[in-house]
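We just call them A, B, C, D and E in the order they show up, numbering each chain from 1.
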């Protein structure tokens, strides 16, 4: 199996005006691997994902997709991707689930899911519809296919967003807290989905606040702190024996008072 | 101490068109108590909170605030609160943190937090500002006071929404998944806040997907399933010895594969 | 009533127009001032749009119309006229060449005027423009074969064109004489002006004015 | 104007032009520019006020008020401004005079309508017929402003009504949940947020209003277009010291420049407003200013 | 003459069918209603042609204004600036002059100086300018999250616009665009008032209304008739646009509590 990284980020820097959000981040996600990104709120996780699929311009550093570096034009605050065709090519192979879902409000759930495969990939409509309904069923909202996003509960919207990403069947996926609005049962289902996607050889970067999920799904965990990588490693080592003070503090709150203790 | 319920809901029914979302729900939250609402996505938790502070009209059943029943006009789908003054009176004593945060987009974070105390309660602006900054510091986003909502990360927005609710210093609070976008550390902080609020005698209804949180904070846990209360009781009993099949299934996914096990 | 407000259009030389200094001038200005003097009235001049000149009179926004308005039966039904101070007028065709047949060609006229109505009836193809200026321009541009308008309006233009424009066809008497218009309820005022006009006709000052403004060939009293 | 202008026939070139452009008649067109600007400066805010009132009335829960608002929007918006100006001003004027007549001359025994004449007692005339000319002009101008404001107010009401509905429901709900009364919600949330949706429509409306000023002439106010037509038309030597052919082309060109300039200034102002309003908003426009996600 | 005969004689007079001459005296209400109504045919024609064609051009120009390339942006900006920045009748004036000189060199362009072609062309460009600005403004109010989602899924350029941006843009622009449509129909009254010549007394509604106002010296009959016609036309436009608006907004939950009829505001309390 080819283990060269599908997504690779080297020394990425990103500022919003004066505020430096990412201060040199390196991440590599090989094919079929799941890299989890943990870190406190505001540490730059979403920003990193948004830079990775080029929704935000970064000021410095390299982004490589399947070994191909993104071509840039200009430098510093004036740096933009040089080649729009390249950007589109990368994005069609890289789906994202947004933290705020960002469903298209004027389309039904089914249309949301079918839109990109039909319009961007030019797939056959009927075939895509079958597939889309399949994914909606899988995340448990098959009955909401014809509802508008505004009529769904938070968790249902999130699941629709996940189905939309899956229906692209991309080489790589970026998940921004995909289970924040889901109950433990559904969360387990999403974990299962992620694992099966990894087995199919898809690469994923997963932002999560749920340490259990990070532990269950990932091949590699990255702890981001104030725009820098504070610690990283395989989940077992990272959660089992955190080296840095910060990570230990961060994890301590998860481990205390766990209902698991009470239940056993 | 007075233990008559501050918020009481009796036999509440609510439909969206054909879809019956709540099918007769009873809840009572006495002063200083925290009632947690758990249940799978789409089971009607948010809808219940929205009915409780009269954002949605319910078709049947009673809602009482501090023992005073909401006056209705009409019946069935045409049922509306009869007395707008009563509605406003109830709402000023009942703050809500929305699942999607709903920060006012045209105001800075500080203005968001100060708005209701100044406009609705008519408090002194300078005094409210002090208090608002205090709450923002408490949830850890004091430095974002002058940012616009659109410039905040998901977790920061959620914390701003919490600060906004706290700044009203209401008799009762409704939290709709207040930690969905927060990391474990901040979640612990929110748990501490909720506990101290309960100690101050404030009543809370808390919707959460986080069983640990439900266990830690609540005096009473309600498990909602498809618009009905499937099981309820004190957290120890409910999590320790779930009686219903459904609840056991629901909880099983939380208890398995817990990092706590791996860590110990 | 202390001040009589005289309504005119200010865009119909030589009857009335705005002179270089921005004042109402022309035949009717001089006539009107003289009539007011004879009737012992203080007068004030107001300009207004032709389309609403009668409605504004009956609604009391000014007291007289002195704007080259022909006395017609239709108008008589709505307002009162003094006796005429200009004999019945003639309209004429002007074209860019002699050969034009004004009864079958394209003839331009100002929208909704007596002249437009006459052309429509004559069998020629009528082309209506919003302003008199444009009706003449249409002949110059070749859009129309001829223009049909008031003779007195066309005369100075033909003279100034240096042979480019010329009168063709027959002149047509249209409309009665020109008189001052007044509200029907203002009979007393009408009588005052009537008397003043009579006195000007009698002592020859009106004829002198007519010749001064319209040239020797004008009809006189 | 200038001393050497006494005999224009002997002048030529620039000297002629300088005299020509400073005749009393030309002064009138320069004045008219001021009139138009003044009218816009007053009518803009006034129309906005009418519009705001109309929109608030239209969304009022009180049925008669709502009908009033909707009726105002539907009817006035339905009538072309020209048609409106052609009879409404006279009707408005008569209406005002009639009201004054009822108030000031209770003992007047003659009918107000005699045939086609409209006759009120002399004290009720607006302005009094003894009033100096400038009062008549100011009155005419005020009627014009009022008419413009009524007409464009109906369109503004429609834009504002739409903008109020474009404010996301979640934003309003939140305010309600915090105990704001409908009025507070309206003042604090709906009104500040609606501008961003209303501004493109209002901006357009303003542009239409600017372009409608040529209709002022129908209202008896002599505006720049009237003068441009008048000055540009063929002038024969008989009636002027400055005869010329059909120069409307040049005058209209000057008007074009004037209106384009006015538009440019308006656009810059509106653009600034828009940037201010979309500050911090999560929209494409807000994002264009950078720093917003 | 009964009213039915008048209808037969004059209903299509504005197109040149029926009675050759307009009524000259003894005007009846029926004549006024029928002839002014006949003129409305032209108002509807001008408005509809310009609106439909203008919509397409406006969309393109709005896109051009938002484009990054100055080659697209600058011409679009100038187009909007000129047509939005000058009064319609000045546009008519220059267009007429321009068409006159055009047809002198290219005889095939002869119809341009006639109102049905020339004026429609000017109205089309004019409304395109105004609408483009409305669309451009709405474009800037499109929620960023949805556009980003489109970008992230590889929807760029035309598909992104057509599938995601355009529907939202239309929804936001619609109230203002409805106004523009109404303005356009109103502006059609300027065609014969100060734009193009009317041939053979075939004119629009205002042409006939002012004809009657002029003949009867009473503006209070023909202009209100004209106003009523336009109110009816506007109601039709509003109804059509309202239907479109509803379908554009169908994904939004309806206002929860529709303004309930309440005759007495709750003052007492």
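Everything below uses one rule, namely that contacts are C-beta pairs under 8 Å (C-beta built on N, C-alpha and C of every residue); 3 or more make two chains touch, one makes a residue touch a chain.
Only a predicted model underlies this, so the values are computations on that prediction, with no experimental measurement involved.
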Touching chain C and chain E alike are D
Cα superposition of chain A onto its copy chain B, rotation angle rounded to the nearest 5 degrees, comes out at 180
Would you mind checking which chain's C-alpha centre is most distant from the centre of chain A?
-> C
Outermost chain relative to chain B, judged by CA means, is C
Could you state the distance in Å from the CA-based centre of chain C to that of chain D?
-> 33
Just give me the whole-number Å value for how far the CA centre of chain D lies from that of chain E.
-> 20
Return the distance between the CA-based centres of chain B and chain E, expressed in whole Å.
-> 51
Among the residues of chain B, which ones contact at least 2 other chains?
-> 55, 84, 100, 150-151
Check each residue of chain E and list the ones that touch at least two other chains.
-> 143-145, 193, 210, 213, 217-220, 252-253, 260
Multi-chain contact residues (two or more partners), chain D = 86-87, 90, 116, 196, 248, 282, 286, 291-293
If you look only at chain A, which of its residues touch chain E in the complex?
-> 50, 53, 55, 84, 87-88, 91-92, 94-96, 98, 100, 102-108, 115-116, 119-120, 148-151, 164, 168
Going by the contact rule at the top, pick out the chain A residues touching chain B in the complex.
-> 16, 38-42, 46-47, 99-100, 140-141, 151-156, 158-159, 177, 180-188, 209, 211-212, 215-216, 236, 239-240, 249-251, 253-264
Considering the complex alone, what residue numbers of chain C touch chain E?
-> 51-52, 54-55, 58, 74-75, 78-79, 108, 111-112, 116-117, 120-121, 125-130, 134, 138, 141, 143
Could you please specify the touching residues of chain E with respect to chain C in the complex?
-> 20-22, 24-25, 100, 113, 192-194, 197-201, 203, 207, 210-211, 213-220
Show which residues of chain E lie in contact with chain D when the two form their complex.
-> 81-82, 84-90, 93-94, 97, 130, 133-134, 136-145, 147, 172-176, 178-180, 182-183, 185-187, 189-190, 193, 206, 209-210, 213, 217-220, 223-224, 226-227, 230-235, 238, 252-253, 255, 259-265
